[in-house]
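Next come two complexes built around subunit A: one with subunit B, the other with subunit C.
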Partner chain A sequence: MTDAFTTAGFLALSGALLALGLFGILTRRNFILLLVSIEIAVNAAVLNFVYFAAFAPTTAEALNGQSAAIVIVALAATEIAVGLAIVLGLNRLRGSIDVTGATDLRL
Partner chain B sequence: MIDTEVLGQFAPEILLLAGTLLLFVLDRAGALRRELFGAVALAAILGAGAIVLADLGVGFLAPLRGIGAAVVDQPVGASALYGFSSLGLLFQGIFLLAAFLVALAAVSRPSDEPGAAVFYGLLLLATLGMMLVAVAADLIFLLLALEITAIASYLLVASPRRDPRALEAAMKFYIIGALSAALSFFGASLLYGAYGTTSLRVVGHSLPAGAYGDLAIAGFGFLLAGLAFEVTLVPFHMWAVDVYDGAPTEVSAFLAGGTKKAGFFALFLVFVGPLLLVLAPGTGPAGTFRGSLDLTVALLAVATMTVGNVLALFQSEMKRLLAYSSISQAGYMLLGVAVATAPALAGATFQIFAHVLLKAGAFLVVAAAAGLGVGPLVSDWKGFGIRRPALGVAFGLFLLGLAGIPLTVGFFSKFVLFSAVVEARGWFVWLAVAGVLNSALSVFYYGRILRTMYMETPPAGSGGAGVGARSSLAWDGLGYGRAAAIGIAAVLVVALGIDPGPLLTAFQSAATHFLTFGA
Partner chain C sequence: MNLVDIAFLLLAAAAVGTALLALLVRELVHTILWVAGFFVVLAALYFLAEATFLGVLQLGVYAGAVTILLLFGVMVTRRSIFRRDAATGIGPTSVALAALVVLLLGAVAWRFGGTGAAGVTAYAPAQLSQALFGTYGPWLLLVGLAMLAALAGAIYLVREGRE
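Then we have the complex of A and B:
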């Protein structure tokens, strides 16, 4: 198994994850499932960092990628927490977490 | 392993963080006066501003030198994570100016509103994120700073917790922000795969010209898309109108005048700064890549200014009209990225600075007018200029400035930007032509507002409580915070419109340094 083959394979995997996440963000109507889609899309980047770090020629380079992955995981968690706060607020006001129900502002 | 020298360099940011934490604690302390929270926030912003200006070499602040960034525009011993360029420090000043105007105006929000301390805390936190963007030299550092700003701004938009419109705007903003972050992170991960580092500085310095491949091109593409959401480029602009419309108007002023500008500095860092120095325009694959990148950004710029202006023509609501105008202005600023010469970069920075004053000022007048009982539609503004002369003149100045009429700062910023674009070379001239044509187009809708304000009389019996009550006192019913913020913005618009000299020189030398920083 050559290096080029594994790189292409991994990029296909992370690209598919990203596409899946973006598709979910654009089509999901339930806010909770939308948050799940966001998480999937962000994790595509995390996977890339971990993969490229695993094949890095030097330790410094590997650490750079691994630390980036950890930072992004933490950021994604923060983002989801804020998202949940917004869901709770909306649910309290409307009794629904359906994204399409929010149409006071027309596009 | 905390180095006091490093901490000292981040003195302005630490001050903002301390202010944030203090405000969050004060929120638990119970009912205190809104003015107190405002004073804490303003003190932190002014303190940070003084340190930044001292670092930039402003004479009368000389005693403060040495507290903040000791070394500016010096690649020697620079960290791979962050660095202090004079352009970055100027942007920090711009961010602090936006935060200052908004914090001052927000003192006049209704005092029975809950969560004033949290509002100010989040404002400082968002500003902190923007300040960090301005000193970033690493992709992860940059995206982390952008995310701090974004998370604080989602919550700022949602700060009227009982208002379904604000929460809906926050939800849309959040979804788009998360999408943008996911794309940016993915782009950064591909660039890491291509270059083996996330440091923009290391990439810019250590790689020979042309060291790029498909991975890097894809990485740049994803980053461009992610950041395009941030700065509302067409076709990634749809969210901005809804968010600016639904958010509390002071927050709209902050988003249009402040956080969007952080996205522009991020674009400068990634697409103009050290990174693309290795890809000088010319022949060979690197030159071709640079050429197609320039073309892409130029097309985005023209599309953004045109779509923003055309859609603004058809808006009947004031906040939505200003939002579309804000989108079109982003197109002008993007010209600086497309052309990427020192004068064009200086022009774009000047345009960004002018836009902070003009757009934040305009939104703050809209907030003040709403407080006086003026409705959301443009037609609700009939006779406003006659009945509230001072506010009318200020609003008129901001609109004329946005249109680029002489004797306002908006004229000089557009003049400097467009002439730099013409000077650049070749087909860039057409960008300047597109910009000038768009400016002419924008005069129609700004002029329409002015006509409504001054030439039309409100229908008899409509009796808008505030508009109907003619007042000779400029600040009557406004609240001193709003009056002061609008006044300061208006005075700066005129003063810098008459003589932008020292500021323009600073932008030009900073842009030159930025392009050669460490190269």
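Then we have the complex of A and C:
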């Protein structure tokens, strides 16, 4: 269908999204905001897989990239579920979900 | 520059904008609403790259399930969900610096990215499922195991009667 994509555009986009996610991971103190930042960074990776798959010369190679993207999406959703369980545990234990207070390695 | 390029540029700007707003607004609920918008924009980008199944998956898993899970997390851990947090501590200097970095990255990608292959190959979803359940069957099994472990772990973390 399309014949005018360049790799520059989506590489710049996914680089910018990764930078945003990293910025959030490094600066936010709220656990839920941390999870949101991780999701943004993971989505930058998935975007890369999808667009490199779109540039693949054969259909089989395109399907390789998309299969990897599907596996990543599933694992990221799993990670959110565990992360929210940790949020609930942290909230019950300390009364807040500020990650600077969570210095013990046990919940 | 054809129509697809313009659509890509608009969607890319929307993706960066919604992600930025999600990280900069001071109310947690607004963050989650903006990040839901971000997920929808990414689904549109996947549709643009002919990855229809992944677009649908993105809408269902991220814009649907993950957003609701995050909202649920906010509602459970806060007494009033529309509470403003303290200032983010991000001054105009850091925003300008970040913009500079993004511009530099964009320039580098623009210079060295080069032009891509001839076209985006479309395919039937059945082909994708054959690759997924054939070649990538073991990976799918591993993902299933990881999900099972996550389920058990989440239940263990929030179960009653823990100190």
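Keep this in mind: the second predicted complex is superposed on the first by the 97 of 107 C-alpha atoms of A that agree within 3 Å, B and C clash if a C-alpha of one lies under 4 Å from a C-alpha of the other, contacts with A are read in each partner's own complex, and residues count from 1 in each chain.
Here, contacts are C-beta pairs under 8 Å (C-beta built on N, C-alpha and C of every residue); 3 or more make two chains touch, one makes a residue touch a chain.
Just so it is clear, the structure is predicted and the values come from calculations on it, not from any experiment.
In the overlay built on the shared chain, the residue A:V36 is in contact with subunit C alone; subunit B does not reach it.
In the overlay built on the shared chain, the residue A:A16 is in contact with subunit C alone; subunit B does not reach it.
Once the two complexes are laid over each other on the shared chain, residue contacts for A:T78 go to subunit B and to subunit C alike. Within the superposed three-chain model, A:N64 lies in touch with subunit B and with subunit C [touch as defined at top]. Counted by residues of subunit A touched, the larger count belongs to C, out of subunit B and subunit C. Contacts of A:I25 after superposition: subunit B is touched, whereas subunit C is not reached.
Subunit A uses residues 7, 21, 46, 51, 56-57, 64, 67, 71, 75, 78-79, 82, 85-86, 89, 107 to touch subunit B in one structure and subunit C in the other.
Subunit A contributes residues 7, 14, 18, 21-22, 25, 31, 34, 38, 41-42, 44-46, 48-49, 51-52, 56-57, 61, 64-65, 67-68, 71-72, 75, 78-79, 82-83, 85-86, 89-90, 93-94, 99, 102, 104-107 to its touches with subunit B in the complex. Against subunit C, the residues of subunit A that register as touching in their complex are 1-13, 15-17, 19-21, 23-24, 27-28, 30, 32-33, 35-37, 39-40, 43, 46-47, 50-51, 53-60, 62-64, 66-67, 69-71, 73-75, 77-82, 84-89, 91, 97, 107. Listing the residues of subunit B that touch subunit A in their complex gives 140, 143-144, 147, 151, 154-155, 158, 161-162, 164-165, 167-172, 174-175, 178-179, 181-182, 185-186, 188-190, 192-193, 196-199, 238, 242, 245-246. Listed in rising order, the residues of subunit C touching subunit A in the complex are 1-2, 4-5, 8-9, 12, 15-16, 19-20, 22-23, 28, 31-32, 35, 38-39, 42, 45-46, 48-51, 53-54, 57-58, 61-62, 65-66, 69-70, 72-74, 76-77, 85, 88-90, 98, 101-102, 105-106, 109-123, 127-128, 131-132, 135-136, 139-140, 143, 146-147, 150-151, 153-155, 157-158, 162.
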